[in-house]
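To start, the structure itself, in structure tokens.
Which chain is which? They are A, B, C, D and E, in the order written, and residues in each are numbered from 1.
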Amino acid sequence: MFGVEVSQLFFYLLSFIIIVSAIYVVSLRNIFHCALFLVLCLFSVAGIYILLEAEFLAAVQVLIYVGAVSILMIFAIMLTSRLANKKIMQSNDNVTVAIFVCAGFLLTSLGSFGYTVWKVVDSPLPENNTLTIGKLLMTDYVLPFEVVSIVLLAAMIGAIVLARREKI
Amino acid sequence: METFDYNLKLIIPEMFLFVWALVVIVFDISSKRRNSDSVGYLTMAGLAITAVLLYNFHGGISFNNMFSSDILALFFKVIFLGSAFMAVGSSFGLASDKIKNHRGEYYGLILFSTVGMMFLSSSNELISLYVGLELTTIPLFVLAAFYKDKKTSVEAGMKYLIVGAFSSAVLLYGLSLLYGFTGTTDLTMIKINLSLLFLSAGKIGPGLILAIVMIIAGISFKLALVPFHMWAPDVYQGAPTPITAFLSVGSKAAGVVAFARIFVHGLIAFVDPVMKPLDWGIIVAVMAAAAMVVGNITALRQHNIKRMLAYSSIAQVGYLMIGMVAVSELGIASVGFYMFMYLFANMGAFAVATIFEDKTGSSSISSYKGLSKSAPALSACMAIFLLSLTGIPPLGGFAAKYIVFAAGIQAGYYWLVILGLLTSVVALYYYANVIKTMYFSDGNSDLKINIHPAARLVLVIGVIGVIIFGIYPEPILNFAMESAALFALP
Amino acid sequence: MLENAYLIPIYPLLAFVIIIFATRWKEKLSSAISIAAILVAVIHSIFVMIAVIGRHGVPFELSVPFIEHPLISLETGIFIDPLTAVMLLVVTIVSGCVQIYSLGYMHGDPRWSRYFSYLSLFTFSMLGLVVANNFFMIFIFWELVGLTSYLLIGFWFEKDSASDAGKKAFITTRIGDLGFIIGILLLATYAGTLNYQEVFTKVADGAVPVGVLTMIGIFIFCGAVGKSAQFPLHVWLPDAMEGPTPVSALIHAATMVAAGVYLVARSMTLFVGSAEAAMTVAVIGLITSFMAASIALVQNDIKRVLAYSTVSQLGYMIMALGLYGFDVAKDPHSHSVGYFAGTFHLMTHAFFKALLFLGAGSVIHAVHTNDIQEMGGLSKKMKITSLTFFIASLSIAGIFPLSGFWSKDEIVAATLGHPVFMFFTLLIAFITAFYMFRLCFLTFTGKPRNQERFDHAHESPKTMTMPLMFLAFLSVFAGWVGMPWLSHGFSSFVYTGELQHHGPNYIVMLVSTIVAVSGIGLAYTVYFKKKISADVLMEKFKPLYTLLLNKYYFDEIYDKVIIKPLLAFTRMMWWSDANIIDGLVNFVGWFTIKWADAKMLFDKYIIDGAVNGAGTVCMAASWLFKYVQNGSVQFYTLVVITSAVGVIIYKVTPEGFVYYFIGVVVVALARFLMKMNRPEEGNVETEPEG
Amino acid sequence: MLQYLALAAILFAIGIFGVLTRRNAIGILMSLELMFNAVNINLVTFNKFIGPDNLVGQIFAIFVIVIAAAEAVVGLAIVLLLYRNWQGIDIGNINIMKW
Amino acid sequence: MDFPVLSYLIFIPLIGAVFLLFLPKDKFGLIRWTSAFFSFVPMVLSFWLTYDYFFNFSQTADFYYMEGPLSWISLLNANYFLGVDGISVPMLFLTGLLSFISIVASFNIAVRVKEYFIFFLLLETGMMGVFCALDFFLFYVFWEVMLVPMYFLIGIWGGPRKEYAAIKFFLYTLFGSIFMLVAILVLYFSSDPHTLNILELIQTAPGFLTHGLQLFCFVFFFIAFAIKVPVWPFHTWLPDAHVQAPTAVSVILAGVLLKMGTYGMLRISWPMLPEATRYFAIPIAILGLIGIIYGALVSMAQTDLKKLVAYSSVSHMGYCMLSLGAFSSVTAITGCMFQMVSHGLITGALFLLVGVLYDRAHTREIAAFGGLGAKLPIYTGLMVLFSMASLGLPGMSGFVSEFMVFIGAFGSGIPHFQLITALAVLGVVLTAGYMLRMVQRMLLGEFNKEKWGGLTEINTRELIIVSPLALLTIAIGFFPAPLSDLMEATITNLVQLMAR
């Protein structure tokens, strides 16, 4: 009872952080600040994972997103933009329509979730989240696991090819 | 989980191709990128060997139903390999010049993408399907931007990446909802669970619509169905021409397989009259109609042949989807068959465009003036490909269109078929316009075009495919029928 | 000989084929072949005549199938009854005379061989027409004579007037043939056959409703109207005089134009079945006859006078036949002599009109002009010609005992019981006598009005005068076979049914002779004695004179009312074809392309920043085009997600979709308008970073 | 459960908004990450409430994370190219090809 | 039958085309004679076929020389199925003859000779195929196959507006044939078991199609065929295509391609959809009537000789439509076939003659000529002959056909047909009008010595290719019975089928 309430509390807190920081991500003028808020946002999402009893995933989230992707982004920002120039408009002409459309999407989806039949199963998740996932990845999901490694390899090769400066 | 089989035999072709991709890259690097042709030939050989391997190792399910080496997959794998083969074959010109520093990576990425398509076509499960899809597209992002110092190419890469990533996010959102309804990612189980859910609750609710539309939107991006098509002309124009060809055939075929797997296999129940309100068919039918109209009409006034072909391929997908929305055995077979014929004609047309662009640096239609005098064989090939795309018998495109329309009529989509036929008359106009430019106008006749042997091979394959399978489509059609039988449709 | 009668048309056909394919370059041989063929035909015809006389009116028929069908069986065959036999003789004899005559007349013509081949072809067609045993065959030959007439009128095709006349003749007669075809179609439909005897049997049995019969009769008569140059299709015949004069004699006086009369006579059973049709025929005949005679009064072209005379005489015959049909339709036992009169006049007219034309030809040959005002006094130089011409004129005027007298008498007799017809018939007889002798006097007597031409004039060669003399002989004596005193003469010969012999009607003879003589007398007074000045008369009746001189303005009216509007109409159709029908098609194409264009256009529009003046409907429309493919990937994504969300909302709540749709449009428009008002800002925004 | 879904939907919508409106290419990539994260929240939520007997949802989420990373890598590489070619990464300028 | 004669007919030209591919492209003589040979053989075969059919099979309405059905695409039940009956044989005869004549007439083509003949032989394959095919799929394939060579033939070797004309032809006919495709598919899926066999469908289609579907299929077929015929108002492609096409191609267009429309109607839509045929009889006849009058009127306004002949085709094919409207009359249908044959011969010959003149004078303006009769007597003779034939002069085939059309349509017993036919007879006069105007202005009258003094008479080759047409025109005019006998049984059977 109490646990539920705490988790509720946490949930709303995290949700608030996520939403606010996400809004900052998409609206701040300074792209560097955006990146920082992205980190915050993703970090909070990891918290949500913990609430949902997905500890391993939370760890992955922190490692990959917060640790790798965001850093990568910040590097890219450093490489490409000059911090001094912050006064540039960061949003384009689509804003009004986009707001309308996103609101439409949001309203519809929120509304429709309520009217949708969910076959909720009230049973606990398997114990030892990490172990189970590790097992699954090596057994049932070994094929996508391997394929994903090819994806990463391809992305790496591609990134190298593209990012390399040619000697002309 | 208990009865787990690692039937590795089934993925031998994919494994081989992956390894071969590495071999190609390593070979290129180790040979100090000196030899321009041998890498390409090596790649082509690899693709050919994979095809042979495919022939030997298929039939069966492996990896916990994640990898289904069924006949549908086989059919489409042939298409993927074919399009990769032809794309590679027509790349020799630019490999010797524009991308000479990254030849190995170029070919390797094509192979990676092909591997992704092959996995995609075999997957009967959402996760592997998604992963396969990404393996297909991520190398293509890179390939589209492969002319690093050409603005158009980079722009194409960027646009493709944004649109591609966005669409996969949208797709994923839909897939996640699908998972939410059924608690599983296995498509067969999804089918069963959804039906059970529907039967037990009497309804599913609007959330399913959300899921279906999101998935349609996500895949339609890959297919470039109207209104999700707008990236396609820009990307097609900017990307290196063989990659454009590969995009327009291989990647599209991959999208078609994904579509078929998800909708025709997983969500088939909604075609049933009982669940009519949730039917995805009418949405796709409208989109197909829009694709035929917009694609063909916009293609009318294009001056760049790649852009023209891009719009035409948007329209072609519209035709193809007629077969899909027919959701019958004939329909699915017709989709496969259409794709197969489209492979030859479109790859061939792009190959000609590549050859011409390599030689003259221009891809505007008006520069094709009088080509029939300076390069009669080349323009004859082009004419044959374009006529096939129009659907003139006895070329392959006709048989394909015929069967697609037959499926449409059988399913009662009269309006769609009539619209398709009417727009194919419009299509004739711009295809014929190219032919007219090549044949009826006078141009500089001192243009000398030497066709690289590999490209020549590509053209020959294209022409032979278009003609032979146009006249005698029986084997391919039977193949397609067998593959369609997989879905156990009416 | 009767069994081989089908050979009669074949002889000239053979001649035609031989000339065209073999002897074109051997001129003498060509004409020899042609004449030989016609002479053989003459002889054969004589034998046929004898055989027919021997059969006492039982017709002879021979036929082979052409096409057989359930609906209709067409056949080719010959049908020989007394009428046919007479026609055979007339055609072959006149044709023979004309061909011999042509030897002289066409001397030195570069297309000599072709001329004779055409004549042979014509003779073949005409003979075929005569011997045909069904309406289908007669139609075939009917058209063929039209063709040869066309070829021969336009024989000197270098002259525009000649080729024009040929065309006019062909087309005008074809208009009549329209009716003929429809008549045949009706016959075929209602009688189920086209064979004369079968048709007539069926009609006589009442198998065809009377109303239909009337239509059939009138439609078939249309053919005759065209071919025999009856009102209102008579306009071609005078123009046809552009052809060589022997051709006029043969085709446009003696034979082809008589085909119409022959047709009416041949299908008399149809007219007998319908009084209305018969009356139509008679009225048309009378109108034609009077109209043509009146025009002939004032013409100065020798051939045209003869041409109008021909039209007039043909009208006579037609009228007589029509009256016969009418009388018999009213009273089957009527003793009308119209049929006899018409066919009899057909025969006699053939001879004397041919003679007149050949005589005219002889004159023209001598003085090289057609204008009688340039002639005069030629009798001194051309004895034979003038003599024969006078004989023929007497004959046509109906002076005892020349052949014309007998036949015209019968026509007058045929109008007994129809006072109006009788009055006009006599009036026409008077006019005829007058203008014929006006012609004679102006041409052959008095002083030469053109000395130069007169000096060059000379009598024609033997080849020309011989036929003249032979025809003069016939003009005098041919009519004797129809003397009312002969109980087994022409009249009983041509009637195949009950004997229609009747005694002489002396009153009629007397009246018609008086009329004829007074006509001649008047002409004598005016043109020979010059007691009354022709000019004064002319002045006195100026409006009438002008009207007649201009042939009642028929040509002008046709030109203004039919031909010009038709041509204008055709041009209009052509315009509409090129612009409206095709235009529609092109419009669709244009529209699709423009749609594509519009997008591009608007794109340019924006790049140029030239878009001002917001708020118009045009702008609202442009909004769509502007964004569709503007190169902005985010916009693409926006469109996509907008439509995807739209579909979702539509599927979930169709009412909500309306709001959504309106909202999107409004928001987009608002933003668009805002941007329009401050375009510079957009430029600032798109500056690259850094 | 619904609150999690709502959170995911909101995050997803914000991500969409970002993709549609950010001028900066990297900003777009970041917005894409938001979208992927929204999907992941969905997946994990469903895993907990609907299919708790296995961990399919979480595994799916792991794959999504990995692939999102790969996409980000490639995306950033292309952004570098953009920067080299345009001396800027404003997506609004990347419109050579149109119509 | 010892050998598959129909396949030979179809594929010998194709083999010829492939063979030509391997000939050097500057050996003009060799290419010309090779292609002449490869079209001569089918011509002889078609003659032999006609002969054999006439003497051995023409008494019954069955199909002969059947080949197949060989399974072609089993999934679609598409078969390789050939056969001919009384209405295909004359068409094959015409095709064989005109193809050979056209190829010989094309000997003066001097640019891109090899391609020209390749396309021509391909075209012949398509034409032969259409008249032999008894399977819808096969029929459709051949139907479309012709379009492409035709497109190239007009587009490369045509007149000044060739590109426009070529694309217009292509678009128009493709537009038509897509409708046919829909109708075919509807028929296919309505039949049970599904079949594309035309013969089977003729027997069964009236049974399984509802009234609405019959009308639907009929209209769709009609649009396809009507465009080919061309029926007013679908005719506007024709003047352009005819005028711009090179001479020999015009001959084929007029002589064979237009016949495919009427042939298609007779072979497919009329017997297969009898209810709809009856339903639409009067509109069809009225369209025919409009075609007759309209074509003639527009012809009259033409100043270009070739255009005049082209529009006369619209008029002449109108007679076919009129008689097709009179579905119940054997005579009318026979008349239609006669008209098809005779129009093929006559208009073909007229186009050849126009081409002969154009080759020498490089203009086709009627007003530019005059009095050619004096300089070119043989040419003039032929021109007059065919003009007369065209305007339906007795003794020529045109007369027989028109007469039969009239008799058949008039007596068909369908309401209002008497009036329509009577109005259609007007066409006879109008035809005479424009033909004679043309003859008079070009051939008669004053000869312009300075301008045309250098014109040469028609040469032997041209004379040889025109004369068979002249002979046939006259022969049919005088002895129509053999042709009529050849198809009578078939047509009687067709009429019975339409009466179902």
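Here is the rule we use: contacts are C-beta pairs under 8 Å (C-beta built on N, C-alpha and C of every residue); 3 or more make two chains touch, one makes a residue touch a chain.
All figures in this text were calculated on a predicted structure; none of them were measured in a lab.
Asker: Using the touch definition from the top, how many steps at minimum link chain C to chain E?
Answerer: Step count on the best path from chain C to chain E: 1.
Asker: Applying the touch definition from the top, give me the chains sitting in contact with each of chain A and chain B.
Answerer: Per touch definition, common to chain A and chain B: C, D.
Asker: Going by the contact definition up top, give me the pair of chains with the most C-beta pairs touching.
Answerer: Max contact pairs: A-D.
Asker: I'd like the most central chain, judged by C-alpha centroids against the all-protein C-alpha centroid.
Answerer: E
Asker: If you average the Cα atoms per chain, which one ends up farthest from chain C?
Answerer: That would be chain A.
Asker: Express in whole angstrom the distance between the two chain centres, defined as the mean CA positions of chain C and chain D.
Answerer: A distance of 90 Å separates the two centres.
Asker: Approximately how many whole Å separate the CA-defined centres of chain B and chain E?
Answerer: The computed centroid separation for chain B versus chain E comes out at 43 Å.
Asker: For chain B and chain C, let me know how many angstrom lie between their CA-based centres, rounded off.
Answerer: Going by mean C-alpha positions, chain B sits 72 Å from chain C.
Asker: Using mean C-alpha positions as chain centres, tell me how far chain D is from chain E in Å, no decimals.
Answerer: Centre separation, chain D to chain E: 65 Å.
Asker: What residues in chain B touch two or more of the other chains?
Answerer: Answer for chain B, listing residues that touch two or more other chains: 127, 131, 134, 138, 141-142, 145, 148-149, 157-159, 162, 166, 170, 180-183, 206, 209-210, 233-234, 429.
Asker: Pull out every residue in chain E that's touching 2 or more other chains.
Answerer: 171
Asker: Two or more other chains touching the same residue: where does that happen in chain A?
Answerer: In chain A, 81, 88-89, 92, 94-95, 98, 101, 105, 108-109, 111-113, 118-119, 121, 141, 144, 148, 151, 154-155, 158-160, 162 touch at least two other chains.
Asker: All pairs of touching chains, please: list them by chain label.
Answerer: A-B, A-C, A-D, B-C, B-D, B-E, C-D, C-E
Asker: Within the complex, which stretch of chain C touches chain A?
Answerer: For this pair, the touching residues of chain C are 632, 634-635, 638, 641-642, 645, 648-649, 652-653, 656, 660, 663-664, 667-668, 670-671, 675, 682, 685, 687, 689-690.
Asker: Which of the residues in chain C end up touching chain D in this complex?
Answerer: These residues of chain C touch chain D: 599-600, 603, 629-634, 637-638, 641, 685-686, 688-690.
Asker: Contact residues on chain B for chain A in the complex?
Answerer: 1, 4, 6, 11, 18, 25, 62-64, 66-67, 101-102, 105, 108-109, 112-113, 115-116, 119, 127-128, 131-132, 134-135, 138-139, 141-142, 145-146, 148-149, 157, 180-183, 193, 197, 201, 203-210
Asker: Can you list the residues on chain D that touch chain A in the complex?
Answerer: On the chain D side, the touching residues are 1-7, 9-18, 20-24, 26-27, 29-31, 33-34, 37, 40-41, 44-45, 47-55, 58-59, 61-63, 65-74, 76-83, 88-92.
Asker: Mind pulling up the chain E residues that touch chain B in the complex?
Answerer: 71-76, 137, 140-142, 144-145, 147-148, 151-152, 155-156, 162-163, 166-167, 170-171, 174-175, 178-179, 181-182, 185-186, 188-189
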